[in-house]
Amino acid sequence: MSKNERVFYIGRFQPYHNGHQSVLLDIGKEADEIVIGIGSAQLSHEPDNPFTAGERVLMITRALKELVCPFYVIPIEDIKRNALWVTHVRSMSPPFDLVHSGNPLVVRLFKEAGIAVHSPAMYERDTHSGTEIRSRMVTGRSWQDLVPPEVYQVIMELDGERRVRALAEDDGAGCRI
Amino acid sequence: MSKNERVFYIGRFQPYHNGHQSVLLDIGKEADEIVIGIGSAQLSHEPDNPFTAGERVLMITRALKELVCPFYVIPIEDIKRNALWVTHVRSMSPPFDLVHSGNPLVVRLFKEAGIAVHSPAMYERDTHSGTEIRSRMVTGRSWQDLVPPEVYQVIMELDGERRVRALAEDDGAGCRI
Amino acid sequence: MSKNERVFYIGRFQPYHNGHQSVLLDIGKEADEIVIGIGSAQLSHEPDNPFTAGERVLMITRALKELVCPFYVIPIEDIKRNALWVTHVRSMSPPFDLVHSGNPLVVRLFKEAGIAVHSPAMYERDTHSGTEIRSRMVTGRSWQDLVPPEVYQVIMELDGERRVRALAEDDGAGCRI
Amino acid sequence: MSKNERVFYIGRFQPYHNGHQSVLLDIGKEADEIVIGIGSAQLSHEPDNPFTAGERVLMITRALKELVCPFYVIPIEDIKRNALWVTHVRSMSPPFDLVHSGNPLVVRLFKEAGIAVHSPAMYERDTHSGTEIRSRMVTGRSWQDLVPPEVYQVIMELDGERRVRALAEDDGAGCRI
Amino acid sequence: MSKNERVFYIGRFQPYHNGHQSVLLDIGKEADEIVIGIGSAQLSHEPDNPFTAGERVLMITRALKELVCPFYVIPIEDIKRNALWVTHVRSMSPPFDLVHSGNPLVVRLFKEAGIAVHSPAMYERDTHSGTEIRSRMVTGRSWQDLVPPEVYQVIMELDGERRVRALAEDDGAGCRI
Amino acid sequence: MSKNERVFYIGRFQPYHNGHQSVLLDIGKEADEIVIGIGSAQLSHEPDNPFTAGERVLMITRALKELVCPFYVIPIEDIKRNALWVTHVRSMSPPFDLVHSGNPLVVRLFKEAGIAVHSPAMYERDTHSGTEIRSRMVTGRSWQDLVPPEVYQVIMELDGERRVRALAEDDGAGCRI
């Protein structure tokens, strides 16, 4: 990655955690600007997607407040048609030159569209941290060390731990919504 | 629950059974009016959702024909965005003061919206009865005792047992629809 | 129309008025049961569609409380594909034998589907009453005489006149929503 | 346009008429293969869109039965997001090298996507023929000369003239569907 | 099945293989015309649905180029409401007299709609061939013998094997799209 | 409006112009933070909605780069159900205390939801500026003075004037898309 570029990075950020933070701080050292896409923006109040897009915007913006590199935070609703997803993302985002992603599907779709992709080595661990954090919330173990302090505060303010726990009780046998 | 209230109760009613009937007869002793929401109204002809909304309206209305308390039966299509679901339900229903539900997700969403919720103790068994009834239909065991007689008649009239059995044959390997 | 039939009648009921009431009282003299479909159920807070489906359910149910003939009130969301609309309606409604409608498109679609349709002579005036009532609400003229007294009361309770007036101020130049 | 190319052509074909036929016969002299997209495939039974996608497939295929150049007829549902439309079309169609269109929006969207477009001079008249034919059907004037004989036969078989006339009676004051 | 009929056949064709080819060649001996519906047309770039509708149109058309019986290839997007699916399919297809399917859900839905269905004995093996082919692509085993030579060529041209392999790497832990 | 508040402001920004800029600079003097919602985010390449959400994000962010008050720019897709719109907006945005809007529909919907609204006097002129700017682009008159210099530069870079002109040529007689 050379200087003078706008870089696109996407995640679900359920919640935003230290793995995301570490990747974005690294990208910020090289990029001119960063576009942070919030995937599955329309989902919330599900066991795997507890937080709304607005809550995730807040977590990210606060955690990155010291980042020198300018960044955009863009909620991206699912389109459920993989062939259209790259075009959908591009229509919602300022133009970008490079995608930073380790997600195999994201990588494949951008590459088929002829867009440059940089794949970090540490991807897998990051992904699993979201699952780990939600699992700790449900079982009452400590998760504070896995997220930036600003994210911890946001989740406390919106009583997020209790929400995650309540969502986990749902056994799926009742109402689809 | 005090008198002079309109109470909201929601289920998928696949099919409507004695557990639902018992809860609604109880609610009817206290409430002024009941709104019965039919969840996942758009679904039918699936192994877990064999009956159309219209068929479920018929089952409920006939089974409750002796209920003194006035009631509304409202099909509610899924909206697939939990953050909007309560507002969606309220736009489709006459205004209500109290929600009667044991479903953890339903309880959580109404509480976050500041609406009073009453949770019965017997919820879990009721939910599982739908699964039990469909399973008995597939395997040819008797299920007549688990539903009000009017519901049994409706299902017989529309040849529902055969439909449930046919849907169970689908192994999901073929066409999505 | 012979006895022993379930009759389907649909309108947008924005609001429910004396024209609808008169047609339904007439149908009630002949039919065994009536299914009243609330069209465009998902729309509200628009100049031509001010009331939610739930509010319209309330108007209709209260205005028809003396009707001896049993009736169902079913919100029907638009499907925006005319070729599917009849099938959509039938999946949301208990089965019916006869459609009562003067709307040319509704008549055409049910006839193409092989369903019997009865077209009243007085249709056109009824349709236009909704427009007339909303227009009177906007300009502050009296509209109370055009609706059943129960409907007047419902609209007063939900401050509907003020809502209709506020919606009329929108010049369409601003936000689509 | 050089030889050895697959050419894409799109219309709503409500109905398919001599203008379309003339353009396609011309394209067929030069192209290797033609992809004919049926736009707004999901619409039918509307005054401006009376025929289903399936009926339009039938018209086109029969009218072009003598065409030597191989062709594909592909229904394309609207996506209602212009920024995604070209990608949507491409996902539904075999790959093509050239678009043949005189519609300014279609031309613009394909050009922004970097796809070659050939614009015929006679576009405007063709577009207006659909309107003219539907108008003649409504008012009972002769329209047979404006369409290929196979299209006339298809429309007669499905009683299309009567449908167009019935749809024209709708004044839009009644149910949205 | 008697002569002089248009027969409907649907599959997902991910990819089109020898099982499909064999069934269609058999149907072609009896039918006047065949309508081949491509199910889940909107899906692609998923492990179980790697190819776009357009790519599948190409596979089928090329593989059937020697078929004497005229045929239509129609992409059919999912409608996700089983009660509407038959009507949806019929609106997208030229009218047909007979459905040829072994899929239990497809059979059930067409039968409930009063449409004749012919169920072949060899259905199950065909369905599983798609899974087998995709699995062989992922693990690098030979699959060329399971598809018509034209299909093999199409998949080679669009580098489909690599796409299927890339999609298989996705563990579902990352972005929904 | 007192200090220590997050203020929500929404527009379509087609394009962002001096009227918007003036309102936002004023809000910035009082608010702690501003959330700027981009309405109809999914629309672009239409005569009245020429620019994508991403392009509008770029215009706004650049034009406000000197604003001291922190702000969020959030694309908001239409939901087409006015009763759900406020809840939809809130799920996409960080929580806010006050809405700043002169649009009568927006004001009405937030007030019905119990959210404080401040209505500026200068609203109408601002709305009409977008129309005026697009009209000048089509007819080749100067519009540079009506937008912040950063917006002029963005539109020049993406050749926006030519796009607006091309979209205006569409007479609506051709393809819906």
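Every chain is named by a letter (A, B, C, D, E and F) in the order it is written, and numbering of its residues begins at 1.
Following the convention adopted for this analysis, contacts are C-beta pairs under 8 Å (C-beta built on N, C-alpha and C of every residue); 3 or more make two chains touch, one makes a residue touch a chain.
This structure is a prediction, so every number in the text was calculated from the model and none was measured.
**Q** By label order, what chains touch chain A and chain F together?
**A** B, D
**Q** Note the shortest touch-path length, in steps, from chain B to chain D.
**A** Shortest path length, in steps: 2.
**Q** If you line up contacts by residue number, which pair in A-B, A-E or A-F shares over half of them with D-E? Let me know.
**A** When the residue numbers line up for over half the pairs, the pair is A-F.
**Q** Centre to centre, by mean C-alpha position, how many angstrom separate chain A and chain D?
**A** 43
**Q** Counting in whole Å, what is the centre-to-centre distance of chain B and chain E, each centre being its mean C-alpha position?
**A** 36
**Q** Chain C: which residues touch two or more other chains?
**A** 42-44, 52, 79, 81, 83, 91
**Q** Looking at which chains touch, is this a line, ring, star, complete or other?
**A** Looks like something else, not a line, ring, star or complete graph.
**Q** Using the contact rule from the top, write out all pairs of chains that touch.
**A** A-B, A-D, A-E, A-F, B-C, B-E, B-F, C-D, C-E, C-F, D-E, D-F
**Q** Quick one: in the complex, what on chain C touches chain D?
**A** So the residues of chain C touching chain D come out as 10-12, 39-40, 43, 78-83, 85, 103-109, 112, 127-128, 131.
**Q** Would you mind writing out the residues of chain E in touch with chain D in their complex?
**A** 41-42, 44, 52-55, 57-58, 61, 72-75, 77, 90-95
**Q** Touching residues of chain C toward chain E in the complex: what are they?
**A** 79, 81, 83-84, 86-88, 91
**Q** If you look only at chain C, which of its residues touch chain F in the complex?
**A** 42-46, 52, 163, 166-167, 169-171, 173-177
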